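Below, chain A partners chain B and then partners chain C, in two separate complexes.
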Partner chain A sequence: MFEDRRIGLALAMPAAVFAAALFLAPVIILLSEGFRGAEGWTLAPYIDFFSSDRNRVVFLRTLKLATLVAGVSAIIGYATAFAIVSLPPASRGRMFALVTLPLMISPVARTYAWLVILGRTGFVNQILVGSGLMDTPLRLLFTETAVFIGLLQLFLPLMIISLISAMENMPRDAVPAARVLGANWVQVFFKVILPLTREGLVVGGTLVFTGSMTAYITPAILGGSKVLMLETLLYQRVTVANDFASAAVIAMILIVMAFSANIVLKRMATARARR
Partner chain B sequence: MTLARTLATASALAIAAGAAQAEDTLTISVYSFAQDEFQEIVYDPFMEICDCKIVVETGNSVERLAKIEANKENPVIDMAVLSTHDALSAARKGLLAPIDTAALSNYDKLYDIAKDPLGDHLGVGYTFYATSIVYRSDKVTIDSWADLLSPELAGNVALPDITTNQGAPALLMIGEALGDADYALSTPTNAVAEQADDIVTFYVRSSQVAQLMQQEEIWAAPIGRFAWASFKDNGLPMAWATPKEGQTGGMNVMVMTANNGNEALATRFMDFWLSTEVQTNLAEALVDSPANAEVVVSDDIADNLTYGAETVAQLKLLPPDVILDSRETWLDQWNATVMK
Partner chain C sequence: MSDFVSLEGLTLAYGSTIAVDKLNLTIAQGELVSLLGPSGCGKTTTMRAIAGLMSPRAGRITIDGRDVTRLPPSKRDIGLVFQSYALFPHLTVYENVAFGLRLRSESDLDAKVRSGLATVGLEAFADRAPKDLSGGQQQRVALARSLVMQPKVLLLDEPLSNLDARLRLDMRMELQRVQRETGITMIFVTHDQSEALALSDRIVLMKGGAIEQLGTPEEIYSAPVSGFAADFVGFETILPDEAGGGLAWRPGAVVLGTGPHQGTVIGTAFAGERREYVLGSALGQIKADAPVSAPPLRMGETIAFDLPRERAVRLERLN
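The block that comes next holds the complex of A and B.
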């Protein structure tokens, strides 16, 4: 674009310096804490971390919930996105606005709403007990189910938006053509829609997975200390124990998990495309 | 040339002003709660009589301790208020200096347990709190700490997390009710672990308990007396248990940072805070229960506090050195059983 490459470089410098000095350097310093022992560099903090039963439980729970939330939001997301894309343009705009609306409400407010809805005297239990389905109210708060529901509601819009934009880029007549040629809806989905929207799925999946994994407010309020996830554990290590070494270990695990999720999803998408 | 001279003059002035300010500035490190009341009852009146400036730093104990430790060579904080065990931890790291109690005119008015809880006059108690069980009097009756684990309360109890200041004292009392008051806390920890599914949550803030009680998620929870005011008027039938094993609790102390160079002013401030007038005002504002035995408050106020020689004498407090030496073990034990 520029005749002299130096102009481009000069223009990029302020942002690059800013990112390097205020983001990259602190992150590297923080993460290196996790490899530093009394006698130089070591892997001991990582071994210690994973040798604790509680930490392994927290790690596996985080992995499980983030995967579940990403999976379920992909299923709901495809159905919703397909329905929205099939609408006439005017109503499509309205539905799109409805999907993005929750993103404009603070996660704290949304999570507190779940506290009321899922409570013992809350909406769900009033219906269950009122209709005679249950004798006593269910305990929903401070369970993995509550955290799952909260995270799903929080991140589902990101999946739907990614899939809508992927489907809008799909050739208009691909689905009708497949139908005319005799494919049933299952075949249409797996052979036409999925391959053509895989990039949207990778983007949406990465956003939802990393979002669920690193969310703090939702697991803190809906899960509490009985349903610790990596992010709430990290906070506890820093504020309660002033234990920055463990916190750095957890931060590193979260970063590795986020990158791995992205790589795995991309692999799955390309593997499918080659077939 | 003119510019350079102006700059030089300006910086000289700034240095002089800084130096002058440093002489009359007292930097204190306190809990972030009730700061409006402290400003009105303690800081503003003291600033009027000392002709000095008070800089207030707030935060949780871990953050505040970390800051004092980080500035060990060149202390920023002159005096701090901490729990007895956090104060002891600071003392062991050599961050504290003894308080010149002879210079405290109000020292003799303090309850005996507040006079030297850390030894060597490294801290002076300024407030305590009882910890007992707050419960729904229309649903249950509680007269023992063991009732927290009773079948009637299964699924209706919140307990303090082991990492909170109420955690270990509550376990100690549950242990006593179960016949094992050992500081190892293994009997009560195992008992809680066995019934972990029946505990609604392990709370980390007392405000969380008030909310759970209000939403009828729970019927009972151990809390510090300082939080009682947020329960008694919540529109539900609430009671404060007086379990047969007694009540536990905690004490907070004032400490002097080592080599801060501002000892005289800090001591004067501590003395002011411990005075009968200030302690009475803090009690009447329901901020802190008095450590000054001369404080007299109405029954109505006393009902919200941990007040009176008798109450104070009966508190079963965990010794600060026990808390400090055992908390890692307690946490490991808790993580290996309850959190599993």
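The block that comes next holds the complex of A and C.
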């Protein structure tokens, strides 16, 4: 369109300057905190961070829970998405609305609901104790399981939605065609559905993984200070210890993990498809 | 064997809607039978049930003497060419054709795939992606993909409806050649009477989930049993007779210029070798053809016409 590329560049400048000044620069300043020591640049904050047992536990727990939540939501997501796209159009719309409904409710409210269900005198314990299965209430809150359940419930809709849109883009009749050609359901999944929905899986997996990793409210309410995740640890470092170096380190770790997750998921998806 | 494929009391339903009601049909080995009817008549549903993609509410399906009613599609020895072709977009043409053979871990897979592609004249396209092929080529890949499995029965869903006129003729000849060479039993579903008439040994005309008429193309074309059947094969003028049945005329059977009835021309169309008219009359709308050699009628013109009894087909019932 533009006869001179420079005109195009010039027109892009205001937006570029705006993004650089207000978004990129603060991120760089924030992250550089993690490399600044008493005498100039250093990796000391990173070494300090990872030499603490507690920090390593929190790091590995965050990685583990985010991976588990992404993995389990993929399994549940595929089953749910396939069931929904197999429905006639009218009920498909209703089910899709049902899936998106939780996204319109505040995560705080959704997480507090789990307090009511999982608490000492909550719904689950009332049934367990009331029916005589248990003598004393189980401790369900402030465990990794509670955080896992909360995160799964919070982010599963994103996986289901990604997979539904991927499945709707599969050619009609690809699944019946594979079945007629002799594939059982496992083969249909690995040879047809998975390769044809891998972009959806990468999108959904990245959303769920990074979402779980960076969620604050859910681990804060359901895990508390007993089950710290990177995000709750970050908040604690800043508000309680005024330790901005650790906070910057954690922020950096979260960014690196998010990008790595996306790359790893893409690799996994293409590797599976080639076979 | 006159009952190579048999459907006994087949009832199919979507939820509470009955799509096919107690259907009985037998098909001989090597026969080419078409299921013909308007959309919603149950023809595609019947085909999906034969393929095993839908379980019947009641009834039995046997193929080559074996009860397959409860078997999954993979165990039925059938092939299915979908209307949408349903090629796998993530695989090459070669891999599409090899898909079923690989699942069976078949020996000399390469030779079978190559000869399958050769059958449909697409050897040169083995490494292409399906999306780089034309519609007609994609359909031939789908056909090859089914044929290499050497199914006992080949099901085809509207095999010609997505093709343009020239390709239709090619594909029709292709299907007839495949059928001649392999002697495979074919069942194909269509809403197009000319397709069914041209290809089939027998036609199953369906209406509302049941068989309306079953017969050879000649019988279906020239001796419809009901108003519905007549209307479907081009009898445009259908009137009740004294005996409770009906009489039906094709547009070419209506005599223009003389006769006891009067009609006003309310539609005209030039169709090459003839002119087609629609007349408004006391008997309702009458469609009539006239040779191009006859002087053309103008819109609004009044003309005498006759519906000669000897040119009509007698229908057992009106609808």
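A few comments on the model shown:
As a convention for this text, the second predicted complex is superposed on the first by the 260 of 275 C-alpha atoms of A that agree within 3 Å, B and C clash if a C-alpha of one lies under 4 Å from a C-alpha of the other, contacts with A are read in each partner's own complex, and residues count from 1 in each chain.
Please note the rule applied: a contact is a pair of C-beta atoms (placed from the backbone, for glycine too) under 8 Å apart; a residue touches a chain by one contact, two chains touch by 3 or more.
Please read these numbers as outputs of a predicted model, since none were measured by experiment.
On the shared subunit chain A, the superposed partners chain B and chain C are arranged side by side without overlap.
Contact with chain B, but none with chain C, is seen for A:239 once the two complexes are overlaid on the shared chain. Contacts of A:195 after superposition: chain C is touched, whereas chain B is not reached.
Vertex at the C-alpha centre of chain A, arms toward the centres of chain B and chain C: the angle is 150 degrees, rounded to a multiple of 10.
In the superposed model, A:173 lies in contact with chain C only, and not with chain B. By the touch criterion stated above, A:181 is placed in contact with chain C alone, chain B being left untouched.
Once both structures are overlaid on their shared chain A, chain B and chain C have a minimum Cα-Cα separation of 47 Å. Residues 14, 48, 51-53, 72-74, 78-80, 82-84, 86-90, 99-100, 103-104, 145-146, 149 of chain C are the ones that touch chain A when the two sit in their complex. Listing the residues of chain B that touch chain A in their complex gives 60, 62-63, 65-66, 155, 161, 163, 196, 199-204, 215-217, 331, 335-336, 339-340.
By the touch rule above, chain A contacts chain C in their complex via residues 88, 171-174, 176-184, 187, 191-192, 195-196, 273.
Chain A makes touch with chain B in their complex at residues 52-54, 57, 115-116, 119-122, 139, 141-142, 224-226, 228, 236, 238-242.
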